[in-house]
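As structure tokens, the structure follows; a few thoughts come after it.
Letters A, B, C and D name the chains as they come in the text, with residue numbers starting at 1 for each one.
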Amino acid sequence: MIEFQGVSYTYGGSSLLDEVSFALPQGSFHFLTGPSGSGKTTLIKLCYAALRASAGQIRVFGKDAATLDRDGVAFLRRNVGVVHQDCQFLDHLSVAENIALPTVVSGQAGARSVGNLQDLLNWVGLAEVANSFPPEISGGERQRAALARALINAPDIILADEPTGNIDWEMAQRLLKLLIELNKMGKTVLIATHDMALIRAAKTQVQSRVLRIQAKQVWLAGADL
Amino acid sequence: MKGIFENILIFLIGDAQAERMVPPTGFTVRLTVFAAAAMAFLATMALAFSMATGRLADKWTSELSRSSTIRIASSTQQAIAQRDAVLGVLATTPGVESYRVIDTEEQRQLLAPWFGQEIDLELLPVPTLIEIVERPGGFDAENLQFRLAAEAPAAVFDTHRRWRAPLVNAANRLKILGWVALALIIASLAVMVTLAAQSALAANHQVISVMRLIGARDGYIAQAFVRRFTIRGLIGAVIGVCLGLLALALMPSAGGVAGFLTGLAPTGWGWLFPVWIPIVTGIIAFLATRRAANRLLRSLP
Amino acid sequence: MKGIFENILIFLIGDAQAERMVPPTGFTVRLTVFAAAAMAFLATMALAFSMATGRLADKWTSELSRSSTIRIASSTQQAIAQRDAVLGVLATTPGVESYRVIDTEEQRQLLAPWFGQEIDLELLPVPTLIEIVERPGGFDAENLQFRLAAEAPAAVFDTHRRWRAPLVNAANRLKILGWVALALIIASLAVMVTLAAQSALAANHQVISVMRLIGARDGYIAQAFVRRFTIRGLIGAVIGVCLGLLALALMPSAGGVAGFLTGLAPTGWGWLFPVWIPIVTGIIAFLATRRAANRLLRSLP
Amino acid sequence: MIEFQGVSYTYGGSSLLDEVSFALPQGSFHFLTGPSGSGKTTLIKLCYAALRASAGQIRVFGKDAATLDRDGVAFLRRNVGVVHQDCQFLDHLSVAENIALPTVVSGQAGARSVGNLQDLLNWVGLAEVANSFPPEISGGERQRAALARALINAPDIILADEPTGNIDWEMAQRLLKLLIELNKMGKTVLIATHDMALIRAAKTQVQSRVLRIQAKQVWLAGADL
């Protein structure tokens, strides 16, 4: 589903990724690790066309991301669920409305998704704060809301950037289980995280692989993880 | 044409779903509505002023420039014959609307400041005065002069140019001043609404970037904002124009001021004169917001 | 007083350290500067207009209302004696600035429209005309009338009231119109600058909340913003006034228009008339920003 | 240094803390844990007077927080270093300038603190991005910058809300070491975190205690942690 071929990326002068190549086949489950500032968020942004590669080719759903026009990018994003590291919301809409926003944008707002919404809120433990507004919820609740928003449309690709940074261990386990569930339904999942415990926990439940960014390259980590 | 109106209607009704993403209230609303209202108010006033001075200039122009006088000195021999000759010439001059011999009573009134009400015109060598009122197109003064010289050599033709020029000039300068003010106000209105739209969009930077990130199309995002601000601009302008008309209605009317300055307030259908101000404001708000929204959107990945 | 100026100076120079926390550019700058400039421009124009109509009204008032005429019909017996009696009365009337007997040549000019340039005044029963110019305070017309009736019964006193009333009225209405426009523009200026300051502060909500969280005192935060926006308001107003003066300078001067409408452009020191506009704008910007900043700060914990 | 006496707190209608009492003596090192949404951030906000207790008394530096006027609150905050969960910066100032901001505000900007600044930047690993602007740095870099900003003035009390949420394990260890160093210099430290590994790591280096929020109460956790 996602294919990097010789992709380089530089911010201003400093190069971050240098001729990176890898592929995430449909239905695969990957983690992305690397030290802080190594380029995890940058790589994820490249996947949903928030950044354009300086060189090389990125194919998502088989399409070259560089050839997409603005509406093409919008269409791509409606089929890719992204949990951003800085979870931003519309502060004048309730948490539930924020989570349902992607259904509105893709024109699917209707009975079906409202059913989904309630289930999803229960699963991520946000049923109680569903009618609160984003500035009124805690850091962990924000992160869970961001995940729920990324999943509401059941997108084919799920990209999550540090989805458990502010969340306690039990809740992180729950969210992981949800992602594994979706993976089993055929969704492609990529999770950027620095939490080794989470990666280890996943290993026991799903066929997952770990990508590691090091020295401007993406390496497939061995069995040592 | 029907298509356009339908489209405008659809645009104004909007999409309730898309609508919700724009924060409902806040300082940006007040700013936009007030800017539109203030400028529409001033535009209404300037327009009324321009129109009033326009009416004034027209009046002076028609009263003064369309009238001229032919004078036959009382000392002239055959004054009566000459007068008749003049009247004959005028009857066949194209462009003359009417002419009349100013009668004794009227002359007495005009000379009163000089000789007092009690004067006996018989004693004065008062000339015969013939007032001519032109058609709007005017007549060929040179030709008339020429014909008068031939047929009534004692008649002196006075175009009043000397007297009317400064008044018409002054009225026209006032009129120009009004139009200049109006142009400036419309320009200010455009810039103000543009800046208000920009500031509102900048304040909603996060909303727009979130919408873009979750896959909303540019057109969808822009439309919700453009619609909101167009309507706000319209509402502000309507408020401003209404306040302007109210202010005009409350102005003292010209009344007895001897018609020197016609009232600022329009009459009858004239009250509808500023309907175009909200329309122009709406169009400006529409274009300004669309441009600002598109620029902001294009800056987002 | 020196303390105040020193404080103003210290305020305007500011604290370079505190200064840096306010983002240097952006739409809020353009908005504030433009709003101040546009309104200052309009205020300058309205002020110039009011002042010009003021001068016009003054001129008409002084030319027409401060002059009056005494007429002694030529048929009067002892016209010369009566004239001397009138002059004697005028010499002892308080409030009379000057008076003079209108000479033959001038009378000929004034009567030319009636009788042509070629008239022989000897043949006309032209009255003796004495023009009186009042002091600014005026004189007691009734008393003069009374004394004239006693000492020169044939003299007819004419205050010109009939002629001057409509002109002075019209000029005064224009003047009022100008002041009303000016008041409206100043009010708009105040609201516009207030809204611009509010919108700028709202856009800087994060800056202010961060400063507050790291322990900056309210006064310290407010001052940096207030200073910045006061200066922007001042700069905008100075630009607006300069543009306004430029526009006035480019206006055609009244020149030969027979003094009917005096030029809009001021003369000499008069060019300094709008200096108070930037000062007022600065004060408004200062108060508006301080109020908005304090309100925003008080909403933060 | 910080003393809670029968403190209750309610947002709108829902009560979060109910008659909580505890004390952090000078020079102590405490962790604060509890599930997401239990009120960790709320408790920390009460400590630096960003929130006012609904009932009870909070004493910081021996002063009743409820009696402070606005300038008193500002003064308090200049002597308490806070790492906020949502790290906010002035986006028009560089990272280094943002970190130095508290010295400007407290009027200590000078040679001494510039020396500190360079050391601090090196320690938290931000020397390379010191001249970048906050929107240009990664999530983990932001968190470290927030910590550096909290420490620049060497405040007597340090409150850190999830300072390692987005940071890899080695860097988290480094930051912990810095906090322990400061604690040994006599500073009072309180760290809200859900990362049990971090707490365990600290236990081996410093005399630390764990406060746990549960059932609207703050409990001193036993040896089981």
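One rule holds for everything that comes next: a contact is a pair of C-beta atoms (placed from the backbone, for glycine too) under 8 Å apart; a residue touches a chain by one contact, two chains touch by 3 or more.
This structure is a prediction, so every number in the text was calculated from the model and none was measured.
Engineer: For subunit A and subunit C, what is the smallest step count along a path of chains that touch one another?
Structural biologist: The fewest touching-chain steps linking subunit A to subunit C number 2.
Engineer: Taking contact as defined at the start, I'd like the list of chains shared as neighbours by subunit C and subunit D.
Structural biologist: Common contact partners of subunit C and subunit D, which must touch each of the two, are absent.
Engineer: Please compute the C-alpha centroid of subunit B, do the same for subunit D, then give the distance between them in whole Å.
Structural biologist: Comparing mean C-alpha positions, subunit D is 68 Å from subunit B.
Engineer: Cα centroid separation between subunit A and subunit B, in whole Å?
Structural biologist: Centres of subunit A and subunit B (C-alpha means) sit 62 Å apart.
Engineer: Distance from the CA centroid of subunit B to that of subunit C, rounded to the nearest Å?
Structural biologist: Each chain's C-alpha centroid was found; their separation is 24 Å.
Engineer: Go ahead and note the Å separation of the Cα centroids belonging to subunit A and subunit D.
Structural biologist: It comes to 29 Å between the two C-alpha centres.
Engineer: Chain contact topology under the given definition, line, ring, star, complete or other?
Structural biologist: Its topology is that of a ring.
Engineer: Which pairs of chains touch each other?
Structural biologist: A-B, A-D, B-C, C-D
Engineer: Okay, in this complex, where on subunit A does subunit D touch?
Structural biologist: Subunit A reaches subunit D through residues 11, 33-37, 40-41, 85-86, 125, 129, 136-141, 144, 161-162, 165-171, 194, 196-197.
Engineer: What residues of subunit C sit close enough to touch subunit D in their complex?
Structural biologist: 17-18, 20-21, 23-24, 206-207, 209-220, 297-298, 301
Engineer: Taking the touch rule as given, give the residues of subunit D at its contact with subunit C in the complex, in rising order.
Structural biologist: Going by the criterion above, the answer is residues 45, 49-52, 70-71, 73-79, 82, 84, 88-93, 97, 101-102, 104-106, 109, 149.
Engineer: Which part of subunit C faces subunit B closely enough to touch in the complex?
Structural biologist: That would be residues 26-28, 30-31, 34-35, 38, 41-42, 45, 49, 69, 71, 73, 110-111, 113-116, 118-119, 123-127, 129, 156, 158, 163, 165-167, 169-170, 173-174, 177, 180-181, 184-185, 188, 191-192, 195-196, 198-199, 202-203, 247, 251-252, 254, 257-261, 264 of subunit C.
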